Amino acid sequence: MDASLFLNAIAAGILLGGFYAAVALGLSIVFGQLDIVNIAHPAFIVAGSYLVFALNGGFGLDPVIAGILLMPIFFAVGVFVYRVYYAAFERTGRESLAGLAFFFGLMFVIEVLFIIFYGVDYRLVEADYIGKQIEIGLVGIPWRMLVPFCAALVMTGAIYLFMSRTFLGRAILAVSQDRLALQLMGADPVKIKQIAFGIGIATAALAGALLIMIGPVEPTIGRLYIGRIFAIIVLGGMGSIPGTLVAALIIGLSESIVTTYIGPSWAPTVAFGFLLITLAVRPQGLFGRL
Amino acid sequence: MRFFKQLVLAIAALAVVVAYSPQVSAQSGKPIKIGFSMALTGVLGAGGKSALIAMEIWRDDVNKKGGLLGRPVELVYYDDATTPAKVPAIYTKLLNVDKVDLVVSSYGTDVIAPAMPIVMRSGKVFLGLFGLDVNHKFKYDRYFQIMPAGPNPAQDWSRGFFDIAKEKGLKSVAIAGADAEFAQNAVKGARANAKQDGLNIVYDKSFPPSTADFTPILRAIQATNPDIIYFGSYPANSVGIVKAANELGLKAKLVGGGMVGLQFAAIMKNLGPGLNNLVNYDFWVPAKTLKFPGIEEFLKKYQAAAAGKGVDLLGHYLPPWAYAYMQVLGQSVEATKSLDDKKLAEYIHKTTFNTVVGPVKFGKNGEWATSRALMIQFRGIKANNLDQFKMEGTRVVLKPDTVKSGDIMFPYKK
Amino acid sequence: MKISGFWIGIVLVLAAGFVLAGVADNQFLFFAGYVVLQGLIMAVAWNVLGGFTGYVNFGSAGFFAIGAYTAIALHQFAELPLLVLIVIAGIVCGLIGLGTGYLTLRLRGVYFAIATLAMAIVFESLITNWDYVGGSAGAYVITPAEVPFFDSFIEMMFILMLVLSLICVAVSRYLSMSRMGRGLASIRDDETAAECMGVPTLRLKLISTTVMGVMMGVAGAPFPFFVTYINPLSAFDLLIAVNAIAMPMIGGTAVWFGPVIGALLLGTIQQIVTVTISSELNILIVGVVLIGFVALAPRGIVGLFQDFARKRRGGGK
């Protein structure tokens, strides 16, 4: 029994970590690469959840497919938000503090819009595989967690390849390091940043689909994830895509192990304790460059 | 940029105009004002909104019959956003500025408790809506609470659940509760009941309300091999627990207890067959033993009003009680022919009220004199069907014996 | 001249508070006023670090809650007078501020912000699991029905909060106008350059975090006595942190009176909105006002006035 408990705790932690990676990925790009503290990112994820809910309820679309279909729209929204942000803050060079307040405000506006349109009730999605699990030896893996895990892995992998193999991807990496050099090479940093921001927000659509697949969603549920997302990003080394994935897995695993063996109520403390120690000892994170 | 500026200015201007436009009252005569704060947004917003709909139905019903004491009834309310810090100011405004004649409470312990000292100092009768043992510290003899959890709410709440366990001769229990006010009180009561019955508590932990996946928790519980599993959980947790329990095939003889959310239409519909055999608390379900005069009529009105408002569509859980606590107040005013708080309190103490939730009698501490918290069992639920929950038999009442509507299907899972 | 003007202002405000307490019959004013003043102290406190040095504290609610829970713990232990509770809560939060500073101020910018956020969450978990102060189920405080010298308990609370606010404003003003204030501003503008010029940046930052912690603890300590029922959810409310940032942003972060103006304005609007339009629009307004201000009036209301004054002087630039 004990071995089974341990193995299952590991499996659950890895699955949960994968989901956390999907949630943190977009902000990892936006915050890590572009230095934009988009605290409204979780609100975008919840927005994704609600739109997926609408597609799932209205047309019976599978949540993951609905999430993928929403990604281009979210990309466009992201580009637009970045344009506003650029015009109001970045161009005038006072992005840090004012930009933060801007996204705080944006978070509230998004939340309230969903409260007004959908009410404050909990929303859930339906899919055939939700509620079933597969057994591998001693370990049971629920589809409800496995599908988000796989989707998250695919998305993370795709973005990693995009960032490391394409010109645009490398340009995004470059814009965070040396803006001037990029300009000399004939690339417009603003255009590149707006694409990166768009990608970051686009991931929120799929992350939202995964969020509502795992559990019920209400308009302000995103707030619960703000701390965790930042913990993962810092632990992962600010913008490193593999780093984000590894950090998410570490947080997921530690939460699962602590939940199983010490007590669930200490799980968040451990994750953030991790973060505080990281900041004190190795502020550049696991995979970071400083 | 210019357009953006103008847009923001326009919105700001609009907001100011809306903020200052006085609320127009169409009532004739000098209305009786009933004041309250209500959790219309925030954590309990969904419930608070459905309660408000019920209270408005009551107001319309009363006004159609000519009002109270021949005066129309008017509700004066503000949104407390489920934020305790807002409550003291709201009740002071209601009593000092709006000069309301009567006050009732918001929904939930968090937002009832901060109102208590203010209401107490004004000497007003205070009717509470789903506060758990709020009065145990204040000991205010004009406080009356409508949730039928009985004189010792925390423990009476889960008494029925443990009575079933006793009848079936179960021995060991696992207890898991969310880290927040209601769930912790529910769990405290469950623990006391378990100790009283001499059960062996094999697992007793709490979890953060933000827990995303319950699989590890359920596995840890399963590893202790309990006969009984008692959960004290909030809606999002309850959904997560039921889903994970079905996925991993949770084995125990009696499962459920204090799971909030499994009474809500949207959640019941989504969980469907996953609910089967679960034993959980409830306050009203369609059953022949609970067909009180007026309840069906009320639900019909509620369901018509609730459509499209993003609130619970069935309205079985909170709305009848929101209607009932207004009925108690209304009937007292009519019977004593006064708005005098002393007379009202005396009358409420000694009277058994007939309401849509049945006969209501308050005990000394303002809670129900005897508990009527139901333990129900989900039976034969099919997937994706809301209407089945309007039928008798999908939720069978097991406890208390006075309103029992069927026998338990036992055990939960072999 | 200017100094005496400020102190005359302080005395006048205090006198006005006492007069109000003496004549006003409308208790609602004191409840609403208390909440506004609580926001004011939080805003001033946040600005001591955030506005003067540019280090953003996301965890204001954490300091506030620790102040509140220090008071609760001491109140459970022995029913000490409220003033003693406030002083001890201030000391505790000051020490925590200092500790956080030591631990995290070597981190620049956003790292510090995230560390404060994480700190708030860790403390919330600790309080949630600490049964002595009620744990997650919360704790009740019974307040006296009558207090000496005042008509009601809330009047006393209001005056107390007023005095505390004025002290905090005075301290914040002293910090910004003294030699130290120039040091802090140099950190905000260019920390590396400041360091090269021989500004003791770490020491200044530590003083800032400590002062911030003390003020937030002082704002939090009376809170349990105001609401009479407190649980971790309400004490660690995100809205407290948001207001602490939004108020200085709206008022203007560069000068000591910016957060005061922002707090009075936003706090009052919030109180009015609560009792007029009872709906989601309340939050929407905070969001829209915040976005509008940071986008259109980057230096807050103070900045708007400065621009206006400059134009009138005929500068045109």
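To keep things simple, chains are lettered A, B and C as they appear, and every chain counts its residues starting from 1.
FYI, contacts are C-beta pairs under 8 Å (C-beta built on N, C-alpha and C of every residue); 3 or more make two chains touch, one makes a residue touch a chain.
This one's a predicted model, so the numbers in the text were calculated from it and none came from an experiment.
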Co-neighbours of chain B and chain A - touch as defined: C
Chain whose mean Cα position lies farthest from chain C: B
CA centroid of chain B to CA centroid of chain C, Å: 35
Inter-chain centre distance, chain A versus chain C - centres from mean C-alpha coordinates, in Å: 31
Touching two or more other chains - residues of chain A: 84, 115, 265, 268
Shared-contact residues (touching 2 or more other chains) in chain C: 125, 128-129, 280-281, 283-284, 288-289, 291, 295
Chain B residues counted as touching two or more neighbouring chains: 4, 41, 179, 206, 208
Touching residues on chain A, where the partner in the complex is chain C: 31, 35, 37, 84, 88-89, 92, 94, 96-102, 104-109, 111-112, 115-116, 223, 226-227, 230-231, 234, 265-266, 268-269, 272-273, 275-276, 279-280, 283
Sites on chain C touched by chain A in the complex: 50, 54, 56, 103-104, 106-107, 109-111, 113-115, 117-122, 125-126, 128-129, 238, 242, 245-246, 249, 253, 280-281, 283-284, 286-291, 293-295, 298
Chain A residues within the chain B interface of the complex: 1-2, 5, 8-9, 12-13, 15-16, 19, 84, 87, 115, 117-124, 126, 130-133, 140, 142-145, 214-216, 218, 220-221, 224, 256, 259-261, 263-265, 267-268
Touch list for chain B against partner chain C, complex: 4-5, 8-9, 11-12, 15, 18-20, 38, 40-41, 43, 77-79, 81, 83-90, 92-93, 96-97, 109-110, 113-114, 116-117, 121, 137-138, 178-181, 183-185, 188, 206, 208
Chain A-facing residues of chain B, complex: 1, 4, 41-42, 45-46, 49, 176, 179, 205-208, 210-213, 215-217, 219-220, 223, 235-236, 239-240, 243-244, 246-248, 261, 264, 266-267, 270, 274, 309-312, 384
